[in-house]
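What follows is a pair of complexes built around subunit A, which joins subunit B in one and subunit C in the other.
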Partner chain A sequence: MSDITGERAMERRLPKFIRRIDPAVATAFGCILLLLVVGSIYSTSFLSVEYLLQQLKVAAFLGVIATGMMIVILLGQIDLSVPWSVAVGGMMACAAAAFGHVGEALAIPFGILCGMAIGLANGVGVAYLRIPSMIITLATNAVAQGLMVVYTGGFSPQDSATAAMRYIATGFLVPGVPNAVIIWALIGAAAVFALTRTTFGRSVYAIGNRERAAYLSGIDTRRVVLIAFVVSGGLSAFGGVLLAGYASKAAQSMGDTYLLPSIAAVVLGGTSILGGRGSYLGTVAGVILITLLQSILSVMQMPEAGRQIIYGVVIVAMLLLYGRQRRTE
Partner chain B sequence: MTSPETATAPPLLSMSGISKFYGGVRALEKAELTVMPGRIHAILGENGAGKSTLIKIMAGVVAPDQGRLLLDGREVSFASPADAAASGIACVFQELSLIPDLSVADNICISNPPRRFGLIDRQAQRVIAAEALARAGADDIHPRILVKDLPLSRRQMVEIAKALARKPRILILDEATSALTAGDVAKVFAVLKRFRSEGMALLYISHRMHEIAELADECTVFRNGRNVATYKAGTRSETEVVEMMIGREYKNVFPPKPAHVSRPQPPVLECRDLGWDDRLRNISLTVGEGEVVGLGGLDGQGQRDLLLALFGVLRGTTGEILIDGKPQTIASPARACHENIGMALIPEDRKTEGLMLPMTVRENLSFAALDRVARRGIIDRDKEEELIDGMVRLLGIKTAGLDIPVGALSGGNQQKVVIAKWLMRGPRLILLNDPTRGIDVGTKQELYALLRRLADQGAAILFYSTDYDELIGCCDRVLVLYDGSVINELAGDRLTERALIASALNVDQARMTEARI
Partner chain C sequence: MKEWRFWLAEQRQTLMAIGIFAVMFAIYVTNHPAGFTANVVQTAANKSVLLAFVAMAQTLVVITAGIDLSVGMIFILTNCLASWLVVGGAGATTLGVIAVLGSGLACGILNGLIVIYGRLQPIVATIATGAAYFGIALLLRPYPGGSVNEGLADALTGKLFGVIPASLVALAAVVLVVWVPFSRSVLGRAAYASGSSEPAAYMSGMPIRRAKFLAYALAGLLASIGGLFLTFFTYTGEAAYASGNAYTLFSIAAVVLGGVSLFGGKGSVIGAIFGAFAFRTIGDLLFVFDFDPLWQPLFQGVVLLIAVSLGAFGLFRVRNRLEWFG
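And then the complex of A and B:
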């Protein structure tokens, strides 16, 4: 017994963040630094405060969406309904804005609620009907798309974002820090708390590692899976609300460019695609990494096709790297 | 060890000095076996005597640590099951190895289908399958039918045909008849006898004594990883066979049992006529406060299903479960752990059912009791720490820290974590599913003492073990299961290894007693 307490005391002496740091997270942060260095060689403006804050603001939208994706991936599942959950969030919030003062006040919660409804369908399908998440989320994505096409008649919606939506996406509550970044920080803090300090978070990790063991430990695993998908849907929709506020209106394809990046950000941040392992800090690193990569590629005038190829290759490379790591453990 | 006549003909396969260790656990030690052509050789032994390891070595599934295998007098070593199959050794296992969605013919030829122009020649495959089925005495099965459309006993026949299609010289049947109907058994026996006359060597593992009596030429009894006796079939009585299977070193590792006291009614757990599928039949039992009740019998007679059924894991169970005399519907483990039931299940496989191996010792320890250390879903870390420290001390878990993955611990310590995790809930009814498998003797002893202590503190314990010594040493009563139902209850002086093995084999007790007189 004495050696245990001794070891533990020694462990405590090390700063917590050094003890806990995951090599994958360190790699992701290393890549961010590398990208900034490469960028600054190309143009010194890459290191300016304005540019970095601008990137952080763009990253915030992805960050909010990736938070939900991360929880689902930690369970060993995936949420492919992100594109139209984002679009539904943005479009429904804007649609609510058309209904006078009450509608304007309820625009943001209404948008999020619609996303949660999509998440609910996903969660029921995965947890209770045992449909593979890859199938059910793809299906709800298609249904959401269909509903939105019916709603808009196939045209871009005419409603525009409310002042509140524009404010949370583009305003400055704290001078110099975009509100979107503050919102991401709040959601991130909530996610860290939920994942590390609550029974829900523990259950998410446990289910991702060994669903059977979690079930046999008396955890209502189905409820946890359901909640995770609802949260993911809600956060995707919230990302859509922010995006609509940012662009002043919603658009049909506003979510399309978020599916792959949100998965990539989570995986690049060291979260195991098989579930059960990963930290939110890693996801933050992944989100920033993806955003910077996107930005630098577009500054370098890399065409969209090239960007897509690079994403895909980076994800595959990282998966190979992490997969190898896990085997050698 | 070998009978006199084995010296006259050259053996087909002989194994000598075979040892196999799993970690520190001995599965086989210097085991010998000689297989003669044209004979049916039965292998007997209780759970964990080394039978299955021996077969696995013969079939190339595992490699022995020591010893030699001689096939036709030449030394061989099998790198894989395919290697063994190529040398003419085929196995029929109890757990079916068939793919349900493929046809019978596809299954029979799965390892080496006939090819034409690089594609599978379906017609030739059907011919091969039909031949093999005919040889197995199951020519009523059409080769084109899907395996999933066949009843269990027919599938077992396909399994036998599949082994025959490889044209084996040695055929190993491991509990191959347990799923068969009486009619099929008779057919299979006729077929096996024909093979014997054709010069094939057959190894027959079964716990059905009458089958062995009818079929076998020689019998070898295994005990403790060694062959203890080989004799000509029919020369020993059932009593003598049971006698040979007994005889483990009996160490005084068990805590003393309390004198039988009258227990307050109603019992903590009572179940009436519990049934599930056809794996559990009319099981009625009670477990009282402070009582350790054992579940015995050969492996796979429904003990595991019974524990899972009680814990709410299985769907569609019939019968009634009463907790403290009140009927309860336990539909899920979450319900079973609930305050007013207070059940805990130490599962069979700690690696997949008990623990989340990559997660830390801390997270694993508090996982089942999270609702105890959390308020409104938020974990109180100080309270968690306090409970965990208490458990680590109580069970003497040896770990290099609470924040290392639980997978890094030794098997015995992992098992302690599984148990500690449940004790943190303070359960009143503890179900244990073979908790000492693969752990060292020291930890076992600690576990026995712990169980008794928990019982003394008022817990009701239902304890399944494949180790008869444990059942005898630990339990106040033992229920013996056979084929999904309780066939005997042993307590007090009647709780002996002889009685346990006899009931497990479903050998008539009365007849045995007569034989002894």
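And then the complex of A and C:
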């Protein structure tokens, strides 16, 4: 007891703006600085503006996907259908591009729509059928994979990305700032607005804290959960569209490398995996942190095996630092 | 109520899994061109046993209301390890087998330490450790290869007395050595109790943490037995990411088909084993009916989706809407 009061007293001595910062978010930003310092020791070009903008561009793809994941995690749920939602988004957008001018114009919305359909299946399962999200999203992921295998015949699809897809992923609307970064900023701003200034966002936090209480206070919790999953599916697919634009074509396993990073980015950013707590700023920090870590490992020419190991170890270590649950006993 | 009706009520889920499997397998063998022969049974058994081991591993953790998303990766890691170690003469092979099982157990212990004593959520923690285990597997086998003691491999994948598949005997032996003592021990009961209601188990003074820890550790061990058998079937080690993921996913499907509740506290390893058999047989049914193999992933996905949706029927029994939120 005395520990807690002591801590409070110490906190009170700090200026207000420092007290308001979530320690998890501060730790994440601290780790980003640490990585930059380590990287700059390794190579001087690490702190150049071009390199950092390049990193932001790569981070943007993960950022878009992690935004959807964050909303779902805030509900206390999880979306494990990310890998094939990403792949479906990319592949369906490219597939639509094969249908003349109309198809080309509708490629991006069509890709996103397919992802939203996966999200809809997840949302119905979680909200209305009360199936644990971890299970139903794994199942829809398997179905999406099956559909794509049948569609492509087991090979990489031949259609390539449209000019518009390539432009939003790699073009420059504002000189020097990649379009992908602008898009991430827009989606991020929309997410911050939705989470902090709308009934939907407050309902998300309420449900994450205690769904029963949220229901009793008159929130249509099932509809909110459904919408959250649809948004998550749509954003994953949009991430896939961006990735397909970046690589100018879609691939079967393009989403596999985004599941763990998107969850890790959200959780490392201080969002509680049990739901109800977390800020978008933390997710931004988590996304940049993960991207920088990946970048440093590849600059050091670490083989895939080492990268996977370091990755797993770093995530567990950081979670042990500040992601532990409180004792329930 | 009579004694046997209690038993029936307790075992209903397991019996249902056995029933589903029996029906599926009957359809399978009657449509198989070779019919019900020892060879058909042996091939089917060998394919199913791998999933059965991984599903057993998953069951132990699911009973405690946790989940282990790294079982598939432990399975792959021990496969790669076995392709290096389980070679040479009798002595070297024995040591190799012990080393492989020991490392599987170590992986499980690490999961248990992180989840229980580190107090992290099992989903995130085991996805992360799974990545690390896969990294180690990739380190061991950057390219598919290696070998295995073929005498031992053939003995364990062949037939006993020309009829009984040896892999099934091995599976039964593992059930007797691992599951039966566990489920009858205090820790096993505590695992069920903590999955059913952790506060109640805590109030009754049950060793919750040790029980959960043991469940994770044994899950690692069982997954490594699966990895060992994979090596016996393929004679090689391969760090296949897709395969590891698929086994994790299918283990959950098998557990659900086998009547083990994902909310914990209900079901048995026996049910999960038959769930695994049924799931494999469903996949093989497509071949018997001459479908394009391309449809297999979709078909398995749809079966999985239906299997997990069946749990939703419990909603019809809900009288008070607040029970939705468990």
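Operating definition for what follows: the second predicted complex is superposed on the first by the 302 of 329 C-alpha atoms of A that agree within 3 Å, B and C clash if a C-alpha of one lies under 4 Å from a C-alpha of the other, contacts with A are read in each partner's own complex, and residues count from 1 in each chain.
To be clear about the criterion, a contact is a pair of C-beta atoms (placed from the backbone, for glycine too) under 8 Å apart; a residue touches a chain by one contact, two chains touch by 3 or more.
Keep in mind that what you see is a predicted model, and the values were worked out from it rather than measured.
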Would you sort A:Arg277 into first (subunit B), second (subunit C), both or neither based on which partner it touches? first
Tell me which partner A:Ser160 touches in the superposition: subunit B (first), subunit C (second), both or neither. neither
Between subunit B and subunit C, whom does A:Asp256 touch in the aligned arrangement: first, second, both, or neither? second
Looking at A:Met134, would you say it contacts subunit B, subunit C, both, or neither? Reply first, second, both or neither. second
Touching A:Thr198, do we find subunit B (first), subunit C (second), both, or neither? first
Could you look at A:Gly306 and tell me whether it touches subunit B, subunit C, both or neither (first, second, both, neither)? second
Subunit C versus subunit B, contacts on subunit A by residue: C
After lining up the shared chain so the two structures overlap, which partner does A:Arg212 touch, if you call subunit B first and subunit C second: first, second, both or neither? both
One more residue to check, A:Asp220. First (subunit B), second (subunit C), both or neither? first
Interface residues of subunit A shared by subunit B and subunit C, listed 212, 215-216
Subunit A-facing residues of subunit B, complex: 311, 313, 332-334, 336-337, 345, 347, 352-359, 363, 366-368, 370-371, 374, 377-379, 381, 392-393, 396, 398-403, 421
So, in the complex, the side of subunit C touching subunit A is made of residues 67, 114, 118-121, 123-125, 127-139, 142, 198, 202, 241-242, 245, 249, 252-253, 256, 262-263, 294-302, 304-305, 308-309, 311-312, 315, 321-322, 324-326
Can you tell me which positions in subunit A touch subunit C when the two form their complex? 78, 125, 129-132, 134-136, 138-147, 149-150, 153-154, 211-212, 215-216, 221, 253, 256, 259-260, 263-264, 267, 273-274, 303-313, 315-316, 319-320, 323-325, 327-329
The residues of subunit A that touch subunit B in their complex are 1, 3-4, 7-8, 11, 19, 197-200, 202-203, 205-206, 209-210, 212-220, 276-277
